Structure formats: structure tokens, C-alpha cells
């Protein structure tokens, strides 16, 4: 049983490269965000509305990335995002960045998030998100 | 008689370069913003408080930049910012980006701004800002 | 007769917004770059190979943008890019940024570029690019 | 005995905030880079020359950041950078981001780097860097 997983594609922009001729390392975290948002969309949710209508902000508490191979300008990349763990007030995502075609693995990463209201106070993830993020594909819901 | 003018220094970051080995062009607009904010600070204002306390947002309506010479990684740059024109509801700034030392001119630019409240509706610039931005160094206040 | 024109879509990233709740102004220049590159791809060229194989770098000399309405987080945007003018050593592009659906115009812009080799020295645009950028859709090739 | 440590100051730019009203998480990695470069400068080295003259590129292999409290627009931040470990071919840095004044801890992080030549092939760190990064302030040079 695996948690909800999603693949989305980004094309490397010139703005994202640096003078070493590769993508600047901080941009992988931007792509992770794109991956999270598209995973949510795939589950039927818009993160925009999650913020606006449900006052649910997915605030980053931890982020890490391992860089295996450089991403290059104009590369078409697959961002593979997976829900690692869902608890009442936290979500953990895992990521893989792969170069298309060939699916060469460029980087892996993880982020941990705390659900907060608009003032930054932690709150519980509404039931509909809990449910969707934990299943039907599996996931790891909080133990009772 | 010249309008309020300010010089501030930025050091080029690796993140700001691209694979051509020079600073990516959009970053000059980021430095223009740094220039505006430091000019305001020099006049005794914090743009942070201008937004928070006076509900005054300096929204960009137009921006342009002419690139003369590339800015390079680790360059120490002088951002020279000048108030070109202040009206009730608009401000126009001019910029020069110079490489230190030697003051080699790398770029010039201009931005036009509309004063807005937090919902994006145009409003008049409070008197204290009008006054400070127009004088004592000169400036070009709105004609009656 | 109109010059080559191209439409490409970008989704606004969280990273591209600022605390005013709208897209930070410099990011429009990043999208213009995406527009240029996709226009070239549409004409059968990869800008990556243009740099690598033909030592042709499209260096920005001027950029400007007029901001009509804010772009918002998660907006799906259409970047409409058009070749305004092609000369031996310069290209001028025009851009429109529209919100989908509805095609609400958010911004317009222009950039002027000089063709340079990898050391930044101006050079002539190779014939195949001249031709493709000027026609069959029209364009404005350099007068003899 | 502690390794070389350095403090540098950055002012939060508007461009670095997002619509949650705080600094976007990827920007902490940009400040880490600023911290590394200023630590090197403090030791008498310019990273620009390290790349150009010694063909030494400090390529990121791993990065992580723990976010404790949000950084806000216009905050004056202290980036405290420390060499955690120096080996023949790798360097590990640790970072703290503190808000001035008051030294409130906003984030901590670590990066691991591989020394590479301009083609991205790992190489040994030249002796002068080894020495400076390991001492006189202590450091953790590779065991024989």
C-alpha cells in the first residue's frame, strides 16, 4: 500500500541556472512546491482554496535535498511527489527529480510541514484532506 | 535642484547569475526595489511601516531597464536611486547600477508606481511622504 | 502579414508571489524568457543548441513591462510572444501576459536583444534563424 | 577548539517574501550561500577567484534547513556560518539564521559540498584552503 503519489513536469528556465552552467540548488525547493501543489490538485484540491476557504496553510518546518546529478538548462524534468506521512497537524512529503527522457535521477528530497491558520498558529488538518492524503492509495494516517 | 537621491550597495550573489556567466536580467528589478526601499529609509521612512501603519503600497505600474554591461558574480554594485516625479497618486523613480570601484555604468532604469491601499485600490500618498519625496532636495511635486 | 507569434502557458508558483499577495514584478521578465524560448522551439530551434552549437547568445539590451492587473498565485497564464523586429544583430520581442480562462490582459512588455558569441561580442544572427524569425509569418527582416 | 565561523548580515527583500507574508523557504538556501562566500572572504579567499584561478567549484551535494520562525520583510538577519568538517574532497557547513536585534533563532541548516573542477569532476581541495578552513580556529581536518 503506497501513499498518494504524483508526477508533474517542469522545464528548466534560464533564470534557474547559475554560472556553473547548472540549476542553482535552491530552485529544487521551488520545484518541490510545484510537486506538492500538483499532487493536491490531483487529489481534487486547489491549494489556493485550501488557504482562502479553509484557512489551511501548509507551512514548511523542514526541508532537505540530496543532489545526485546537475539539472541543466532546458531539461524537461519529472517531479515525483509522494505523501510520506499524514498526522493531525503535520504532513511529510518525499520527492524525486528525474530527467526526461530516461528517468535519470537528479535529486531526492523531503519536506515536513505544519498545518497553520493565516496567523501561523498550528491547527488540525480538516478531515477531507486527511482522508484524501491518507487514502485510497494508502498513506500513513495518524494512529488513534 | 535635484530630487532625493540615494546610493546603496549590493554584492552579486551566485543565485543571481545564469549560465551565460552574468547576472540574469530580471534581478536588476530586484535591486531597483532595494534601491527604492533604502531611499525611503534614508528619508526617515520604513516601507514596512508604510504598508502596515499607513496602508500605503507602492504598486509597480511600469518598469524598464537598459543593460549596458553585464554584472558579474561577486561584483560590488552601487544602486543609485532618484525620485523622478511625485504626484498625488504616483511616484516615478530612476536608477543607475554601477560597478564599484570605478563606477562603471552597467544599467539604467525607471519604474512608475501607483499608491494603493491593501486591496489594490489607488489612493493619495499621505502628506508626510509627499513632502519628504519632493523636498528639501528638490523633487517635482504635482502642480496644483 | 505578422511576425512569428507563439503562446505558452505557465502556472503561477508560490515562490513567485510576494507579501502583497500578487506576483512580484521581476517574475514577468522570467516569463518573457519562457515565451521567447518556446517561440524559438515552435520555429524548430532549441535555444540550448543555439548557444552550444551555433555560439549564438540572445543577450538582453533593453526590457520593459507595463503592469495592468496583478497575476495571482495558481493563475494559469498565457504568455503570448511575438517577434517585433529582426535585424542582422538584434531581435525585438513583444509580449502579452493573459489570465486564462477569459484572456484578461495582465501585462505587456518588450525586450531588445543583441546577438553575441560566448564572450559577449556582437555577431550576426545565422541565416537560418534570420529566415525563420522573419518568415513565413512575415516579420521585419533587415533592409539591405 | 572550534572551526572557522563567520557572521554576515542580509536585509530581507520584498522579492524574497511570499503571499503568506513571510520569506519563501527556498531563499534560506540563498542566504546560506551568502554565508559560505563571506566566511571564505573572511579567511582571505574570494570564491570568484577560487573558481577562476584554482578551478575549484564548491558543488552542493546535500542541503537541509529547519525553519523555527518566519523571517519577515525588511528584517535584518544575521547569517552565522561555520565549517563543520573539511576533508580532502568535501566540506560541510552549518548555518544559523538569526533576527537582529535580539538574535532570535529563525532557522538552522547544513550543507555538504564536493570540490569539483569546472567539468564537475571531483578533485582535492588545494592545500591553502584545507589549511585555512581547518585552522587556526580549529576545524576538523581529515584524519590521516
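By written order: A, B, C and D. Residues from 1 in each chain.
The criterion applied here is as follows: contacts are C-beta pairs under 8 Å (C-beta built on N, C-alpha and C of every residue); 3 or more make two chains touch, one makes a residue touch a chain.
Just so you know, these numbers come straight off a predicted model, no measurement behind them.
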Furthest chain, CA centroid comparison against subunit C: D
Interchain centroid distance [CA atoms averaged], subunit C/subunit D, Å: 35
Between subunit D and subunit B, distance of the C-alpha-averaged centres to the nearest whole Å: 29
Subunit B-subunit C separation of Cα centroids, rounded to whole Å: 25
Two or more partner chains touched - positions in subunit B: 14-15, 20, 22, 26, 30, 33, 73
Overall pattern in which the protein chains touch one another (line/ring/star/complete/other): complete
In the complex with subunit C, residue positions of subunit D that touch it: 14-15, 17-22, 24, 26, 73
For the subunit C and subunit A complex, residues of the former touching the latter: 11, 13-15, 30, 33-34, 37, 46-48, 72-74
Subunit A residues within the subunit D interface of the complex: 20, 22, 25-27, 29-30, 33, 57, 59-67, 70, 120
